[in-house]
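A short worksheet on the structure shown next.
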Amino acid sequence: MRTSIVTRMAGALLCATAALTPARAADKLKVGFVYVGPVADFGYSYQHDLSRKALAAALPDKVETVFLENVPEADSERSIEKLARSGAGLIFTTSFGFMEPTLKVAKKFPKVKFEHATGYKRAENVSTYSARFYEGRYVCGKIAGKMSKSGTVGYIASFPIPEVVSGINAFMLGAQSVNPNIKIKIVWVNTWFDPGKEAEAAKALLAQGADILTQHTDSAAPLQEAEKVGKFAFGQSSDQVRFAPKAQLTAIVDDWDGYVIAETKAVLDGTWKSHDTWGGLKDGLVVLAPFTNMPDDVKALAEETKKGIAEGRIHPFQGPVLKQDGSIAVKAGEHAPDPMILGMNWYVKGIDDKPPQ
Amino acid sequence: MSFDIVQMVLVTVLTAATPLILAAIGELVAERAGVLNLGVEGMMVLGAAMGFAVATQTGSTLLGACGGVGAGLLLAALFGLLTVGLAANQVASGLALTILGLGLSGLVGAGYVGMKRDPAPHLHLPVLSDLPVVGPLLFGHDAFVYAAAFLVAGVWWFLWRSRAGLSLRAIGDDHTATHALGLKVRKVRFLAVLFGGACAGLAGAYLSLAYTPFWSPGMTAGRGWIALALVVFASWQPVRVAAGALLFGGATVLQLHAQAAGLGLPGQLLSAVPYLATILALVALSLGRRQGGSSAPAALGRVFAPSR
Amino acid sequence: MRLDLLPRARPSPWLDLLSPALAFLAAVLIGGVAVAALGVSPVQAFVTYFVAPLSELWSIQEVALKAAPLALIATGLAFCYRANLWNIGAEGQFVVGGLAGGCVAIATQGSQGFGSQGFTGWILPAMLAAGTLAGIAFAMIPALLRVKLGVSEILTSLMLVYVAQLLLDYMVRGPLRDPNGFNFPQSVSFDDAARLPALFEGESLHAGVPIALFGIGLGALVLARTLFGFEVRAVGASPRAAGFAGFSDARLTLGVFAISGGAAGLAGICEVAGRIGQLQPEISPGYGFTAIIVAFLGRLSPPGILLAALVIALTTIGGEGAQIDLKLPLDLTRAFQGLLLGLVLGADVLTRYHVRLVPGGPAAKAAS
């Protein structure tokens, strides 16, 4: 270790101020989290931060948690390295844009374990994890198909990336399975988070006859719009029922608690290995908020679908799946392979819209 | 499009334009007095945070709105002290104000994340509000929308029909000459900056109390910058600010409606429209000026320190 | 009470140095109170923010990497601001520079180079040139609009920032998207020939830092030693006198915009070819805007700018340390940066004016 005069001065100053932070026990594992948004976004970063808190509560004697919020993707390499250097033994980098920086830092710190969310590149000490949100969307689709009186549902989408497109398809396939004539209207707002614009998109969809809304953006604004006019909607990222007690049917909740705790335990045990986790309802990575505001038969169908997916009996992309032009994407009797879902950039038959670009 | 859709589009456009009108009309007065405050976004976002915090603490939307106005005033006072009182550079001070406002809003709002309030109450007049199209459009809004309309009319009257407004415009055009005439340049400018801050704070409070009633960091999502563009686009005319805000708001809303109706366009291009429109408006304005049209306040952005 | 400002006959050189120091001290004191209110020792916070980042070789490199683009852009902007021209669109010029240079890297991806040796050494210079030229070209839009049509450059340059960001967003989601990237919005990773090399094996410091330093040095030289630099300074000091001297307003405007746009474009491609190594929807953590702050903190002189860039880089990196070690929120760091700039701007008044508080209300004023 290189100790300069400055470090020693800093050390002296720290001692002089009687170090207010509790002494760091040497045997505690430091677990770091890097968020792309503010922890107060009440969406994606907020949910990840809940898992950090859950981890701290579950293993209070064994781990210490730290986080960096609002880390710009263009500036993330330093932030990740900073965590690694501050003694973190396990680091969760929670946004797709952190992929290359995570790999670069991981190369420098072979003893530190990294967990990157939603990416596809791994290394000896870099795992990837993501959730099969499309499974939840399929369940939502079934509910929407049953609940829609107008036969039109509205979808507020963020950016045309595969995760969003596969979500739209899964939702539509779910809806079609109970109502073959269901129509879907899609609005791209080109943002993950802009409450005002999301509300405007929700209003536009409601005006165009949609009576069920679903969204792949983070704010509760669309739910509130549905609530105002007595229509229904699905929450996103977190259980947002408090924003719309009469409108939320269910919500697709990102629940990283179990995964984060399990991975941390693996590091503590020394059993951690690089791997790719793409978990869904079965693994508890995708959680659906309680089914509310719907008749019992719809609730039963939703529960059954959820259970079926968790048990592997139902697959959202179960063949035959047709593309818009009628060509076969998935043959009857098969279901879509993971790479197809991960790179999806086409719509299923029944969606009238064209995917952007 | 059916009747209902037209009605709904119009109502949405009006509510989408309201925060832009509120913020822009305040900035317009400041700029008419010759002060360019680039900190609108910062004042707005702090107004949103403070407005929501106060409303939640007191249970009163009105007090919340006052809280938002207060937050805007506070930041504007700081800005006024720097630029008017101490003759500091306006561009840099405005940017400092934005950063400060964004930071403070996060600190103020930290305890209020994930909380919800009922939206500000809407006016409902028994017969009038139920009229088709006209009813919801004219008689069915929350108080913020009426405040915006009132402010546009008030500022128009003030600038073009009152003596004080005349002085304010004169100061914005030539501070040296007006100072020589004995007008209180710095006092007027400071008050104009305060008015701008109050309006921006109110615009922020509208977002967190009425438009999307919750607090979330960065929820203004760049509307403060759009408001700045709008003032230029409107060539510093209050009525045109309202028209421009309806146009900007309308473009966004119609774009979303077009998508919902199945007509898609590249989102990036549409998102760039307000900014490109502003540049075009500036060009058109300067071409118009060559033929004797109106123009920007001549002393806009210039530092004034009285030399006695 | 009334605040009177009496211009100083000549600026006081020692106040020139003292006023930013005083402002910094005041900001630290106010920040210390805020930190104490959050239950953290101010001394400890000061150490974390300003001392700790300089105590390790690694974080010194990081401070340099962060400060380099800020100082380079700010030096360019200083030319504009000294000439009383307000280019606030450096962020856009940065983005366009990164995009244009990145296009060169993507177009030459996998290229075997010239000749039998496979000479690929021309790629990096071509990228740097493309980035600089694109920054200049993008800055020419507000400059030409001002010169030809008298359009306010403040607002056009600001509006063009958003246009540039949306253009980059469109390009990486569309034409420049990595075909093997699972449709994620990012380009291919650049070849090594298209990356700025590290200065020391295995360390993070890359060639972008000396390039920026060279640019800043060149800027300082031009400003201090050339006729053009003299014109810029003369206009800043007294626009009317400069007019009498026969300096061309149009030439000056185009010149300073070219310098600031080129500096921002160069900083943009250095960031893309340095740290990032590919194009993605976001390539700047707000460098172009932060550089405006740096330019003013540094009082529009290259040495001051260098110092200011270091201070801002230090607080940003120290801010991360504060989040990790002291659990202080990021918003506090931002508020502090805003406050610091405000105070420096306010303190500036001391160097230019005698400040007098005149007691008495309107009556006293009327009597005077």
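First chain written, first letter: the chains are A, B and C, and each begins at residue 1.
Please note the rule applied: contacts are C-beta pairs under 8 Å (C-beta built on N, C-alpha and C of every residue); 3 or more make two chains touch, one makes a residue touch a chain.
Everything numeric in this text was worked out from a predicted model, so none of it was measured.
A count of contacting C-beta pairs for B-C and for A-B identifies B-C as the more extensively joined pair.
When chain centres are defined as mean Cα coordinates, A lies farthest from subunit B. Subunit A and subunit B have CA centres that are 35 Å apart.
Computed centre separation for the pair subunit B/subunit C is 28 angstrom, with centres defined by C-alpha atoms.
Residue positions of subunit A touching 2 or more other chains: 38, 357. In subunit B, the residues that touch at least two other chains are 106, 110, 217, 266, 268, 271.
Multi-chain contact residues of subunit C, defined as those touching 2 or more other chains: 173, 329-330. Of all residues in subunit B, only 36, 38, 42, 78, 81-82, 85-89, 91-93, 95-107, 110, 217, 225, 228-229, 232, 266, 268-269, 271-272, 275-276, 278-279, 282-283, 285-287, 289, 296, 300-301, 305-308 touch subunit C in the complex they form. Residues of subunit A that touch subunit C in their complex: 2, 4, 6-7, 9-10, 13-14, 16-17, 19-21, 32, 38, 66-70, 72-75, 77-79, 81-83, 85-86, 96-97, 100, 108, 120, 159-162, 342-345, 357. Every residue of subunit A that touches subunit B in the complex is listed here, in rising order: 38, 40-42, 46, 154, 185-191, 193-201, 203-208, 210, 219-221, 224, 228, 242-243, 352-354, 356-357. Interface residues of subunit C facing subunit A in the complex, by the touch rule stated above, are 40-41, 43-44, 47, 51-52, 54-59, 62, 65-66, 173-174, 182-185, 189, 202, 204, 271, 275-278, 280-286, 317, 320-321, 323-327, 329-330. The touching residues of subunit B, when paired with subunit A in their complex, are 4-5, 8-9, 12, 16, 19, 106, 109-110, 113-114, 116, 119, 207, 211-214, 216-219, 221, 223, 252-253, 256-257, 259-262, 264, 266-268, 271.
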